[in-house]
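What follows is a pair of complexes built around chain A, which joins chain B in one and chain C in the other.
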Partner chain A sequence: MTEPLIKIEDLSLGFTAKDGRQAPILRGLSLELAPGETLGIVGESGSGKSTVALAMMGYLKPGLSVFRGRAVFDGNDMFALPEKQRARLRGSSIALIPQNAGQALTPTLKIGQQIGEALRLHTALTAGERGIKVLELLNRVRLPSPEDIAKRYPHELSGGQQQRAAVAMALAGNAKALLLDEPTTGLDVTTQAHILEFLRSLAKELGVAMIYVSHDLGVIARAADRVAVMYAGMLVEEGPTAEVLRAPNHPYTRGLLASIPRLGEPGIPASMPGMPPAVGSELTACAFIDRCPQARTACRDGVPQLERRGGVRVRCPFAGEPAPEHVTALREPQVQEARALELRDVAISYHKPGLMERWLKKPEPAPTVDRAGFILKKGETLGLVGESGSGKSTILRAIAGLAGTRKGSVTLGDGESLNAPVAGRGRETLRKVQMIFQNADASLNPRQSIGEILMAPLKLYFGLKGAEAQARAEALLEAVRLPARYMPRFPGQLSGGEKQRVGVARAFAANPEVTLCDEVTSALDVSVQAAALALLTRLQKENGSSYIFVSHDLAVVRAVSDRVAVLYQGRICETGPAEQVYAPPYHPYTQTLMGAVLEPDPDTAPILLANDMSEKAPPATGCPFQRRCAKRIGSICDTVVPPAQELQSGHVIHCHIQMSGTEAEKIGVAPELLPAE
Partner chain B sequence: MRKLIATIASKPSGALGLGLTLFHLVLAVLAPWIAPFDPTVQNADAILLPPNATHWMGTDTLGRDVFSRVVHGGRLAIAVTFSAAVVATLWGGFAGIFFGTVGGRVDEYSMRIADAFLSMPWLLFLLLIISIGGAGPLTIIPTLGFFYGVAVLRVVRGAAMQISARDFVTAAKARGEALWPILTREMFPNLSDILLVEGAMRWSWMLLAFSSLSFLGFGATPPTPDWGLMVAQERGLLSTAPWGVFWPCVALSSLIIGINLLADAVGKALGLDRATAAAV
Partner chain C sequence: MPSLILRRFSFAAFTIGFVSIVMFAAVEALPGNVCTSFLQRFAQGPRLERCIEQQGLERPALVRYGDWAAGAVQGDFGYSLKKRKPISELIRERFRNTALLGGLAALLAIPFAIFLGIAAGVRRDRPLDLSLSGAAMLAMTVPEFVTATALIYVFAITLQWFPAVTIVSPGAGFLQMLPNIVLPVIVLSAVLIAHIMRMMRASVIDVMASDYVQMARLKGVPERRIIWKHVVPNAMIPALNVIALTIAWLLAGVVVVEKVFNYPGLGTLMIQAIYDRDLPLVQAIALIFSVIYVGVNLLADLAALALDPRLRRKGH
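For the complex of A and B:
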């Protein structure tokens, strides 16, 4: 066996309190990485995955210190080296590509200058040679027209391009290992798939070792040869990715895999109850014991050792036992006939013409959202899915009265109009529409107690005060499965999942008719996400609520929705019952999205259809997807708004391509639409 | 509160700031008991004495005990500027939160007016108002309070804009809450820290401003013992009897430094970055 490039030996590090007590973040971690190998480090927030990755570079976050163990990179004991040498290795031999590449690039320097600077630091090239090398590197990361890109500033590049530029910079020092911290988090699914494919081929081409740190098993499944699953600062399972994902051994890995919603399986995935032990706490038993379905008294006798089972290392003595089946709970549809909400031909625009534009009578740009129309029935969940900029949140904001509509009508089931913004709505109208926000952290006032937060809508809508409001707030907490003793606590004292529960409880305090869920689970860990989805489903069953569920995650939308609308650039491309939208025939955009989804399954590969580009504004005429569509049929796509083709009951595809029912499998083109010879 | 003070005092600069500020406050309150002489009584037999056993800091041109005058010299300045700082923080803070929350045209136009005030040579303007309204605290407090309030307004409004963009404010707006509960329940609790630090910073600047006024003859009136006034009266003798100028300067500077360090420490203890808090 070749000498490993990175070797971490029994590494423990963490905080040391004033009284000398040690609070470990990593607990005796050992890990090896061969040259050219790709390793995925996966874990939930607080598992220590980023800390391991940084330790490989000999870097510790401020306040941390190494308790014992070593981190060896390419024969250098990183923590024993003087800081100067460590800094030289960093960036040249081992380079970090941080989570948000866009922010990691200096905004005031052109891309070419930044890469040139990295070359000046890490190589002995002359200025002229550097110029050539910059273009070579930009070419290597497959950025179109490198000369042009080199002259641009970071903000002039799209998210995917920024990520590539950051990779080019990391490659400037001829790195032997690249460290990617959540490399695709925050990118659109299609961009994510493109970036990962690119990184994979780059790793092969250059023989660079890559370490991916991610919470997303789908990313790891696609990108890494080996995977290390972290829990509470320890490895719980480590081995070849395909083996681990096909037959997970540790109960935590199993639970994690089971909690991920899949495209092919409708229903709410099983959630893992409980929480990991607090960071830095002392462990006397298996760290996973409180959440483990297979826990027994023997698990209390100290922390289990990492044992080898075939090619895999597992930290559970009972890993060989057959695993209990994780059940995916199928949603029972609660849809009633009555309507809860209807949108008809709605257009929303943020554009405010300036004085000059009005004088010059400049034509208005195409509105952000146009021709949006759908019906939400009582007890139904409508999923709105699309990439960033697809207008899905804008539609929610318009329904909530936070954005004005230009055209069309929004009405509640009883015919009450929602066209007016918040200021023009009566209190009772306001009560009927409630919103749950993406980021529970930002949507709860840090200076208000949970009780105050929940009592605000009770006072506003029902005039409840004092003991009555208190009792109702406690009942709401109970409904979201939080204990009443949380009332005097502040949001900062709650975990991410608990905060989101408070957000849900606040929305339900108003007893709304329509609940708008804006990416409500995207900031949560997967195991918590599954619980949040189950909570929303249960509340729907109990209260007959109607949801509009916005998400960029197709699998999550599939899990909770009765009907789905796919949006691109503020225009609906496809809409229909979830099972029909997620099956052929597809709108070309739906197909692109579906193809780009990364599932935690080693046997699937993404299918990249459309090219990776971000569009700033919708095209003025024709089909919104015209510029990226892989199945463009001709100039008609640019000029004529695609017709709505109704296939089966309620399944509508907006496309010029003929999608006849019988030819559903192979997408045919209507003869009259074929370009003339 | 106790925890806050403990955090402040845990760092040398915070402890120094707290110590200096408290020292001056105690001195000002207990001045009549501490000073060995009446600060206004003149003594023709003891004119311009250098520091000695009886007169620790010497005597001034009128034979008054400099130490007693220095001890008394902060009373009026501290009382006036503290009141003015409260006025500035209250009005500037409220207006800042209001405009930062409301936004839009109202905010836009009001800020241009605020900018106009900020660009005025305020000292000259102050002198104008005082020469019309007289040099009493009742003129100086509102005037100083108003002018410094504009600066507070700008800072708080900037911070309020960031807060009002957060989702919990959006949630309150979407819920249909009226403006007043949004200002008081959602916005203010998240800005009280900045207000506290801002108020302290403005207070220290106002001390300097008030002393300047006194120096120019528009603040404290003789024979009131006041640091600024003392410097003005004794400045001609800087080379022969420097103690008459030196000690009031030491007193004023140490108080201003103390308040600055304290404000800094409070800001850090509350997790505020002074760069963001005081960036006008």
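For the complex of A and C:
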């Protein structure tokens, strides 16, 4: 092997507690990277993966210090280097592509200025040459009309464009290594797939080393040659990506892979019990022991060493033993014939015409959501999927009475109308519709104890008080598998997964007929997500509840839903039983979405059908997907609303293309492909 | 962009017009009229008639408002009842004096406070920040008439560097006026600096923790350039509103401070006019203050537009 470009040697770093105790975030980490190699660092929140990446640049977040070890980049000991020299390397030889480009670009400086700044710092170009080079860089990251982009401010770019601009900035100084901190998290699936394919081709073209930091094994599987799996500040497994993903050795890696829902597999993935050790805690045994299905007494004798097994390094002495099978639990829905909720031809608009617009009688823009209609049966889960701006959350808000409907009707199973806004609904109506929010953190009052949070709806809807309410609240906690001793605790004392459980318990306190789940697992780690999905499924079975489950993650929706509706720009493109929506024939948009999903499988590649342009508003006439559709058949797509083609047992596709001739286009397995840009 | 600026301007003009209506209506709503409230128990016979004629009170209210508003736009606010002179004449020099006092205080305090706020924010929790924040706390809690009295005791009575109260005429020249405004300017600036500095500090600390500042560090941008290019413009945006609000406070502070130092400005004139029940004069000064208030907020809005490209989008 040639001299490594990056060499991390036994690096421990962390913060020093008030009592002088050293609380490590990284625990004796060693890692090497050859020039031009691509490494993926994967782990859940708190595993220290971002800290490793920043350490490669010699950067510590405020409050952290190095306890032991070094980080060597290109022959420079990054933490021993004087600040001036370190600053010279940063952004030139080793550059970062940030997690959220939208927030990592200074809002008051134009894109051109920010790239120019990097050039000014790291090259000897004159001002005029810099201007030309900026355009070259913007062209290299394949941004349309570089002259125009250079003059824009960050907020005037779409998410994908911002990410590309950040890449252009990182390329300004002829980098030998690029650090990518969750480079596609927060982007829509299609944008994510496009950016990733672009980064792959860039790595090949320039021969730079790339370090991907991500919680998403799908991203790593697609982008990295080698993968390092981190747990509690340590490497637990490291080796060639294909090898690790096909035959994971460490129980944590196995558990992680098993907890990811797959497009092709219905049912709830296996979850890992327990939680990782707290950041900075002292370790005397294997860090994974509490969650490991193979744990035994020998695991208590100190932290295991990283051992070589073929091409892979594993931190588990029992990695060679046959592992227990992780199985996905098939859902057994008990869907009744009776309806829980019905939407009929609903239109929702946030647009409020101003005084001037009313005077001038300006035509109203097309509503945010239009022609939305579906039936939710009792005991059923309806999944709503789509990219950001597809109107899926808007529909939930309308059902909850948080957004007004312009047209159409929303009715509960007993015929009760839900057209009134939340303020105009009676208590009983409010009780019947409950919502679980994406961000459990923000939806729980930080100044109320868990007990108070759960007893509030009990008092409001059922008039329960005192010991009775207490007992019921404890039963609710029990139902979401939280101990009763959590009652006096405050939300701040709970982990993300626990908070989401409290959110679920609060919704069930009302004994609702319809529960609206808005991206409830999006902020959770995959292992916690699997547990949350299992919880929702179990509660549904026990109570016969009906869910509307909104998510941008197609695999998660597949896992929990009986029926699925695919939305684009607030219009339903395709709806039907999950197994039929997730199989051909597809609506062109469904096909685009499915093709862009990255699975943690080294043998699949995304299929990029449509471009990743983001649309701000739905088109006034015709098909909502007309501007991006790869299968557009003509002007009819622009002018006529596509007809609903019913294929079988409620599977409806809204498209002008004749769907009855079953074209079996497979999704998910593709030959090596060129980016369709 | 030009339409946005135009919209801000027309909104400001609309606000001032509305304020003038409210002020005029308030006086109309009082029992009696301007003349009866001025003359009190002498409000009868030829005196009252003369007053009513001079003020033109026999005309309907709407016509009088139109006259008053049209005059005010041209700088003519009618006649003072007490001083029996055109108000514009009374106000001219005093306006200059107050503008000198308030303007100087704002001009010195704002840049200084912004600079201190940046310094304190960048050196958060270090000795410089702690002492600056402590001093700001003190300046904010002590009322300005106490600060003024203390300064008079030290600098005017004990050290005798500056006059304790102003004894020059309102029309005195700038150089003659200068020694008289040093202490009032200090009193006014102290509170201004404290408020603006604290806001700027908090804002700088927020921005320093942002992703884009970390990104700039990881891009290899030197610290000094990070502060001036990446932190300050962004930290200024939320601070602008506080600056505008503090200037509004300055208008009230001016009245108190002028009174304490017996400074011949609009504030002392306003207090005198209230004593004298000289309502046309009170109205005129109140209108001038509201124009300043709206003007300052307009400036803050325009500065925010200049600083923050996100505001320049259409639809804002």
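One rule holds in what follows: the second predicted complex is superposed on the first by the 658 of 677 C-alpha atoms of A that agree within 3 Å, B and C clash if a C-alpha of one lies under 4 Å from a C-alpha of the other, contacts with A are read in each partner's own complex, and residues count from 1 in each chain.
We adopt the following convention: contacts are C-beta pairs under 8 Å (C-beta built on N, C-alpha and C of every residue); 3 or more make two chains touch, one makes a residue touch a chain.
Computed from a prediction, not measured in an experiment: that's the story for all the values here.
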item: Fit or clash between chain C and chain B when superposed on chain A; value: clash
item: Chain B versus chain C as contact partner of A:153, first or second or both or neither; value: second
item: First, second, both or neither for A:5, with chain B first and chain C second; value: neither
item: Touching partner for A:402 - first (chain B), second (chain C), both, neither; value: first
item: First (chain B), second (chain C), both or neither touched by A:435; value: first
item: First (chain B), second (chain C), both or neither touched by A:121; value: second
item: Partner chain in contact with A:505 - chain B first, chain C second, else both or neither; value: neither
item: Partner chain(s) touched by A:448 [first = chain B, second = chain C, both, neither]; value: first
item: Touching partner for A:422 - first (chain B), second (chain C), both, neither; value: first
item: Chain B-touching residues of chain A, taken from the complex the two chains share; value: 400-402, 422, 425, 427, 430, 434-435, 437-439, 442-448, 452, 456-457, 460, 506, 510
item: For the chain B and chain A complex, residues of the former touching the latter; value: 166-168, 170-177, 181, 185-186, 189-190
item: Chain C partner contacts - residues on chain A that touch it in the complex; value: 54, 57, 59, 87-92, 95-96, 98-100, 103-110, 117-118, 121-122, 153, 155-156, 169, 173
item: Chain A contact footprint on chain C (complex, rising order); value: 210-222, 229-230, 233-234, 237, 307-310, 313
